[in-house]
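One chain, subunit A, appears in both complexes that follow, with subunit B as partner in the first and subunit C in the second.
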Partner chain A sequence: MTQSLKNNLLKTIVLGSLIATVPLTALAQTAQEKGLAIAKERKLRDTGWGSSEQNMLMILRNAQGEESEREMRSKNLEVSNDGDKGLTVFDKPFDVKGTAFLSFSHINKPDDQWLYLPALKRVKRIASRNKSGPFMGSEFAYEDLSSFEIAKYTFTHLRDEACPEQPDLQCFVLESIPTDKYSGYTKQIAWIDQSDYRVQKVDYFDRKKSLLKTLISSDFKLYKKKYWRPLTMTVTNHQTGKSTVLKTSEIKFDVGLTDKDFNKNTLKRIR
Partner chain B sequence: MKIGFIRLILQRPYLVMLSIILVVAGLGYGAQNLYFRGDYKVFFGEENPQLNGFETMQKVFNKNDNVSIILAPKSGHVFEAESLELVYKLTEASWQTPYSTRVDSITNYQHTEAEEDDLIVEDLLLDPADLNASKIAKIKQAALAEPMLLNRLVSDRGHVTMINITVQLPELDKNQEVLDVTAFVRQIAAEYQTLYPDIDIHLAGIVMMNNSFQEEANGDAQTLIPGMFLAILIMLAVLLRSMLGMLATLMVIICSIVATLGGAGWAGFFMSTPTINVPVLVMTLAVADCVHIIASMNYNLRQGMDKLLAIENALDINIVPIFITSATTAIGFLTFNFSDVPPLRDLGNMVAWGVMLAFALSVILLPALLTVLPVRRPKQSEKTGFMESFADWVIAKRTPVLLVSTLVIVGLTAFVPLNKANDIAVEYFDERVKFRQASDFMDENLMGVSTIDFAIDAGESNGVNKPEFIKVVSDFTDWLRGQEVVDHVYSLSDTFKRLNKNLHGDDDTYYRIPADHELAAQYLLMYEMSLPYGLDLNNQLNIDKSAIRITVTMDNIGSKEVIAMEDAVNVWFANNAPQYSVTAASPTLMFGHIGERNMSSMLIGTSIAMVLISVLLIIALRSWKLGIISILPNMIPAGMGFGFWALYSSNINLGLSVVTSMSLGIVVDDTVHFLAKYKRARMAGKNAEDAVRYAFASVGRALWITTLVLVSGFMVLAQSAFALNGNMGLLTAVIILLALAVDFLFLPAFLILTDKKEYVTEGKTNDSVTKEQLA
Partner chain C sequence: MKKIILRALFPFIAGTSVANADEMTGNIGVEGRYFLQDSQFNQQLDQQFTVHAETEFYFAIGEQGNSLTITPYLRVDNQDAARNQFDLREFLFLYIADEWEVKAGLGKVFWGVTETTHLVDIVNQTDNLASFDGEEKLGQPMVHFSTVRDWGIVDALILPGFRERRFSGEAGRIRSGLPTLASAAYESADKKDHVDFAFRWSNTLGDWDLGLTAFNGTAREAEFIPVVKSPDDIRLQPFYGQITQFGLDAQYIYDSWLFKLEAISRSSKTMQDTQAVVGGFEYSQVGLLDSAIDLGWVVEYAYDHRDAVFAARQNDISFATRWALNDAESTEFLVGFSQDLDYSNSRSAFVEGSTRLGDRMTLTIDAWFFTANDPAELSYNIRQDDFIQVDVSYFF
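Let's turn to the complex of A and B:
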C-alpha cells in the first residue's frame, strides 16, 4: 500500500467516524434514558411477588479443580419503596449450621445486616460498609445477591444483540454503574432478553475497570405465570480461575411471610 | 583430501563466500523465531517438583506474585499525618495496577473491634481527613499490636512501611504483563515521590524481580555485546596489526553469531537472561580460531611465502588443532546438558553449536576472505627471544618452580571445600541494580525477601475451624516466630484469636483460640462476610476450609538454610502434629533446591567431560602417557580457580556450577598445543629440556595471545550486573589465566622431571600426520 493511499484511507476513516459520532452524540441522552427505561421495566416485571422461600446449593470450584459445597435456605419479603428483606439459614458446612443471616436492603443507605451465631447464642450486627467480599467464600458477593434497586445504579443502553447464551432471543445490553462507592465494581454490563426482561448474563468490572467475573443465568422457570427465576447461576472469576454454581430449588411463592418473620429479635428462634 | 579442500577455497573464493553467505542468511532467518523469557520460572524444568508444588499451591490458594512499595519517611516516622496520607493515597492508586487483585497496607488493613454487640470491621484509616493526633495514636497502637502488620507492613520502630500489591498475571504474554505492572507502579511511585519529597519510595517484590531479569538481559545485550566488539577490535588491532585481517575476523564473528542465533531460532530455542550472552561467548571463542590462522599467515608472509601459499600453509597446519580445540570446547559446553536448569542446558547447546560454526567459518570463510582482500606483507617482525629466555629460566629453575607451583596449587585448591552452593535469586543482581538495592533496604529495615509458604492440611472439610487444628497452627506459628532467621509469620491462628477477643467485647483475656469448633467456624463466617473485595481470606484458606496457607518471611538466607528450614518444619510436624500434612512451596525454596540438585548433576557432567576430553587428547596426541599427564594441567586450573573463589566470595550459584566443564573444554587447548609441540620434538629425538624449549618457542606466543583474547572476552562477561553471567565470566577468566600459568610453569617442570625416558621414533610414514597434528 502506498503512503498516499494509506493517508486517504485514514482520512476516510476519521471522517467516517466523525460523521458516525454525530447521531451518537444526539442519542447520548436517549441511551441513558433508554437504559433507565429498560431497568424500570425489569423492576416492574418483577414487582408484586410478595414473599418466597427457596433452597440453595452452592458448588465452589478452584483453579486446581477441587470442589466444595454450601447449602442454605432463604426467605424473601418484597418491600415496596425500599429494598427487600431476606433471611438466610445456613445448613452446610455443618459447623455453621443454624447460623442465620438477616438483611434489609435499602435504596439510599447501606443495608442492615445481622448474623445469629448459634454457638455464641447471640445476634451480632455486621457493622460494615463492605458488601463486596466473597459470600461464604464463593465467587458471589453479597451485593450480587441482594435485591435489584433502580437507585443503586446509573444505566446506559449500549446496544441490542442476540442473547449470548440463547441466540434465538434478542437482548438489550445495559451498562450499570454502581452509585455506592463501597461497591466492589466500577461497572456491570448486563444482557437482558427483550421478551421477558430476564438477566441472562452479567460481566462485572473491578476497580481498575478490568473484567473480573461473569455471571450466566440459566434454567429459567416461570412462577405464578409472571415471575421468572433462574435455577442455575454460574459465576466464573476470570482473574483467579475459580467459579461457583448456585442452584436454587423448591421455590415457593405466597408463603405468607410478613415483617414479623424478618426481625432481628426473632432470629434466634430460626432453625 | 584436506589439501584439495583448501585449494578449492583458495581457487574459488567468491563462490565460497557466496555459498557461505547464503547458508548464513538461511540460518540467520531463523532468528525471527527467537523470543525472550524474562521470568524466574525459566530456571525450572516442567518436571521440577518444587515448581509443580508451587503451581499447585497457587491454584489452591490464590497466586501471590507481588510488588512491594516500601516507604521510608526521612523523618523516620511513619505514624505522622504526612506519611499516613501518602500510604492512604498510594494504596488507593495501587488498586489501579494492571492485574492487581489485592492491595494490603496499614491504612486499608481491616481492623476489627467490638462496639456493644456489633463487630466493627473497618479500614484502619478510612479517610485521611480524619487524621488528627488521637487518630494517629490509635492507628499506631493498633498497627504495632497487630501480628499481621508488625514487621511486615510496618517496622517495629515505626520508621518504614510497605504497601503490598498482589497481582494475578494471566500469563498469556508474561513479559509484557510484567512490564505493564512495572511501568504502572514506577509511574505512581514517581508521581508521589515528587509530591512527597521527604518520603523515600523503593520498589521490590517478585514482579520487580522478573522485571529485573528482563532489564538486566537488555542491559547485557546493550552493553556487553558492543563492549565485546570493541574489545575484539582493540585486541585484533594490537595483535594482528592489520586492518584487513581485522575486517575478515569481524566478518567471521558476525556470521558465526548470526548463524548461531538463527540456528537456535530454527531449533525452537528461546532467549533468557543466561543465554543472552551466547553472542559474547561465541565471539570470544571464534576470535581465538581466527587469530591462529592469521598469525600463521603473517608468519609465512614474513618468511617470504607468496600470499596464496601462505594462506594454504596456515590453514594446513592449523585446521586439525583448531578442530580439536573446538571439539573439546564444544564437549565442555555440551555437558551443560547434565544441568537441571533449562536455560543453562540451552546455553551449553547454543554455544557448542556456535563454536563448531565458528570453526567451520574460520577455515572456510576466513581463507576465502583473506584470498580476496589485498593483504599486505606485515612489516614489523615479531619480537622473538622472550619466550626462549623464559623457557631457559623454567628449565634452569625446574625444581624450585615445580616445588613452588605445586605448593601454590595444593594451597589454593585446599580452599575449594569452603565453597557452598547458594542460590538466592535476589543476589543474582549485584548492588548496581535498583531492585537489589530496594530488596536490601527492605531486608535491613522491614523484613527479608526470602519466603516459604506452608500449606497445612487438616485432612477433612472445615477442619481448619477445629480448635485442636488451630492450636497446632498457633504452636507452629509461635515456634516459627522463635526462629532467629524468621522475620514475619502470616498466620490465620492470629485472626481466630483476635476475633474471639472482639466477639467478647474486646476483652484481652479472650485473645485465645475459640473454645469449640462451631464457634470458630461462625466467627470466621461473620468475619468473611464483613470483608471487602480484595481483602478476603481466600489467600489463606482453600475453598473446602480443609487447609490453610501460612507465609513465613525470613532474612535473606542461603539455599542450605532455606532447605534446613523446610526440613526443620517437617520434623516439627512429625513430632508435634503427625496427623496433619504440611507442604512447603515458594520461589525461594525452588531456588534453594535447584542449586543443590544442579550441583550434584553437574558433578556428573563435569566428570564425563573430563573423561571424554582426556580420551580425545590421548587420541590426538597418540600417546597414553602424555594424554594422562595432560589431565593434570587440565584439571588443576579449575581446582585453583574454585580455591580462589572460596577466598573471593565462596557462594556458588547456578552460573558457577557449569564453569568447571566449560573452562575444561577451553583450557585444554593450551595443553594440546603445548604437548603436541613437545611430543613432536621428542619424536624428533630431542630430550625433555630441548622439547620444552621448542614448545615454548613455537606456541608460547600463540598461547599468550589466545589467553589474552579469551580472558578479555570472559572479563567482558564478568561486567554483567547479573551475577549468574558476571560470576561465570569472572571465574572462567581467572581459570583461563591460571591455566596459562600452569602450562608455562608447572607443566614444563613436571615434564622435565618425570618424562625422562626416550621416545621411540616413529617411521617416516607417520611423519606427515604428525606434522599436521602438531603444527
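Let's turn to the complex of A and C:
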C-alpha cells in the first residue's frame, strides 16, 4: 500500500465518520432533545421481551443494621402502547403469604391496582394515585417498580462521565422530572451506560428537592441476547439510614403468558 | 400423576398424605379477652382464652393449575364451650378450563366493597364467634363456575347445604339476654339441605368497579322466635326463612378517594322484607408530613329498612382512621367510632393495633367499647361487654 493511498483511505474514513456525526451536531440538539433521545433508546432496547417470570428476595435493613426479609414471585406481561401488566404473590413474611398484587400500568393515567387478601378471599382496589408509598415497608416506592414509560417524565441530558460503579464504562447522566404531580419525587438523576443503556444508578430527590435515596443496580445479566436485567438492586435512604436490597433470580422469558393470565380470577388463584 | 390424584382425593384416608401436600401454610394463635365491666347476666365470664389454628394444605393436580385445597380450622375456648369449633374452611377442588374455572367442595367467596358492613356478601355464613367484626366465615358447600369475559366476570354458584350461625353459650359474653337454642327452625322442609343459588356479574370499567348479585335460598341472618320452656325459662330459637336477594355494589376511584356503595333488596314469605344500603368513602394520604406513614380515612353511612332491634346498622354512621407506619414490622393502627342516628345514646368505638414480632409472629390488640340505653336497639344486649383482646399468632 502506498503512502498516498493510505492517506486517501484515512481521509475517507475520517470524512466518513465526520459525515456520520454531522446530522447530530447539525441539528444542534438541545439537552432536552438529547435527554429524550437517550430515554427513547433505553425504552427501545427494552421492547419486545414479551412475558417473564421471576423470583425476588428483598432484604430490608434499618439504621441499626437489623434485617427483615420479603420474598415474592412475579409474572409480567409487556403491553404495546401501554404500561405492562404484573402479578406478584408474596411468600414471606409468613403472615402475608398468599397475598397477591395485580397491576396494569398505564402511560397517561394512574395504574389500575388490586390487592388480594387470602384470609378474607377479598380483592381490594387500590387508589393508585398513592404511588409514592413504600412497597412492603421497603425503601422502594410503588412507582419505582412500575414500568418505565417515556410519557411519565421530561428528560434533560446533563453530561457524560464515567459510570459511578463501573468506571470503565461511559455513562449518560440524565435528569428525569416526573410529569405526574402525585409522584413522590421532584427529580431523578440517572446514570445510564452508553454501551447498553442500562440504568446503573439513580439519585431520587424528594418533594423538598433534597436527596432522598440512591439506587445502585448491579449483577447485570443478558437474556435472549438483548435484554439486560440487574439481579441486584440496592436502595439506600440518605435521610433515614435504611436500605433495601432487591435480588432477582430465576428470570424466565417466553413463558407464554397472555392477557388471560392477568385478571381478578387469576389474582385469586395464583400460587 | 395417578398417585397425586389418589393422594389428593383421599388425604385423610391415606393418613400421612396430608404431610405430603405440595404446600402447607397456616397459623396457630392464642387469644385472651378481658371484659372491663360487670356482666349483665349471672354465670357470664369475665375473661376467656382461646386457642385457634388453621392450616391450608395445597395439592397440585397435574400441570395446568388444577388443585385441591384443604383448610381445617380449630378453635378451643377455656370458658365458653359454644365457641369450640372444628370447621373445614375449605375442601375445594379447582379445575381450570380455557374459558371457565370450576370450584367444587367447601369454599369461601367474598363479594362487595364496603368496610363497616357487608350487605352484598351473601354466600358464606359469618363465624361470629371467631371474631367480633364479622369478617370470619364458615366454609360453604358449593359448585362455583366462574368465567372472565371482555364484558365482565360471571360467577354462578349452586349451594347445596346451609351452615347455621352460631352464638355464644350461656357463659359467654356478647350475646342476647335470652339464651339461644342450639337447634334452628326453617321455612323449607329441606332445612339445612335446601339447595341455594347465587349469581354475580362484575366488571371494571375504567375508574368504576361494578357488581350485580342475585341470591335465592336460605337466609344467612336468622330471626329469633321466643320458645317458652317454662315461665322462667324462655329461649330464642334461630329461624331461617327462604329469601330472594338482589344486590348492587359500586366503587369509583378519584385520585386518592375510593367512593363505595352497596345496596340490597331482600324479600321473603316468612321473614321481614328489607332494603338496606351502605355507602361512603375511603381516602388515603400517603407519606403523612413527609414521613413513611400512610393515613387512611373511612366514613360510611348504613341504612336498613328494618327496626333497630333487627338490624344493627339501621341508621348509623361510622368513622375510622387507619395509620400504617410502613415499617419492617408492618405496624398498623385502626381507630373507629359508630353512632346510631336514631338512638343518640347508642354508639361504639374500637381500637385495633397490629405489628409483627420477628419473622413468624404477629401481635394484635383489639379494644371495643359499647354504649346503649334503649332495649329497642340491638346493641343494648352488649352494653356491658366492653372488652380488650390480645392475640399472638405464629405463622408457618
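In this section, the second predicted complex is superposed on the first by the 241 of 271 C-alpha atoms of A that agree within 3 Å, B and C clash if a C-alpha of one lies under 4 Å from a C-alpha of the other, contacts with A are read in each partner's own complex, and residues count from 1 in each chain.
To be clear about the criterion, contacts are C-beta pairs under 8 Å (C-beta built on N, C-alpha and C of every residue); 3 or more make two chains touch, one makes a residue touch a chain.
Nothing here was measured: the structure is a model prediction, and the numbers come from that model.
Superposition model on subunit A: subunit B and subunit C are shown in a clashing arrangement. Within the superposed three-chain model, A:Asp168 lies out of touch with both subunit B and subunit C [touch as defined at top]. Residue contacts after overlaying the shared chain place A:Asn130 against subunit B and subunit C alike.
By the touch criterion stated above, A:Thr99 is placed in contact with subunit B alone, subunit C being left untouched. In the superposed pair of complexes, A:Ala63 makes contact with subunit B only, with no contact to subunit C. Contacts of A:Glu250 after superposition on the shared chain: neither subunit B nor subunit C is touched.
Contacts of A:Gly241 after superposition on the shared chain: subunit B is touched, whereas subunit C is not. Between subunit B and subunit C, the partner in contact with more residues of subunit A is B. Among 529-537, 655-663, 673-681 or 763-771, the region of subunit B with C-alpha atoms clashing against subunit C is 529-537. When the two complexes are laid over each other on chain A, subunit A has residues 60, 62, 66, 68, 93-96, 120, 122-123, 125, 127-130, 132-134, 137, 182, 184, 206-208 in contact with both subunit B and subunit C.
Subunit C contributes residues 23, 25, 27, 58, 60, 65, 67, 94, 96, 101, 108-110, 113, 135, 146, 148, 153, 202, 204, 209, 251, 253, 255-258, 282, 284, 286-287, 290, 292, 294, 326-330, 356, 359-360, 362, 393, 395-396 to its touches with subunit A in the complex. Those residues of subunit A lying in contact with subunit B across their complex are 60-64, 66-68, 90, 93-96, 99, 101, 113, 115, 117-120, 122-130, 132-137, 141-142, 182, 184, 206-208, 210, 239-242. Within the complex formed with subunit A, the residues of subunit B that make contact are 56, 58-60, 62-63, 95-101, 115, 117-122, 168, 170, 461-462, 465, 503, 516-523, 525-526, 528-538, 541-545.
In the complex of the two chains, the subunit A residues touching subunit C come out as 60, 62, 66, 68-69, 92-98, 110, 112, 120-123, 125, 127-130, 132-134, 137, 182, 184, 206-208, 260, 263-265, 269, 271.
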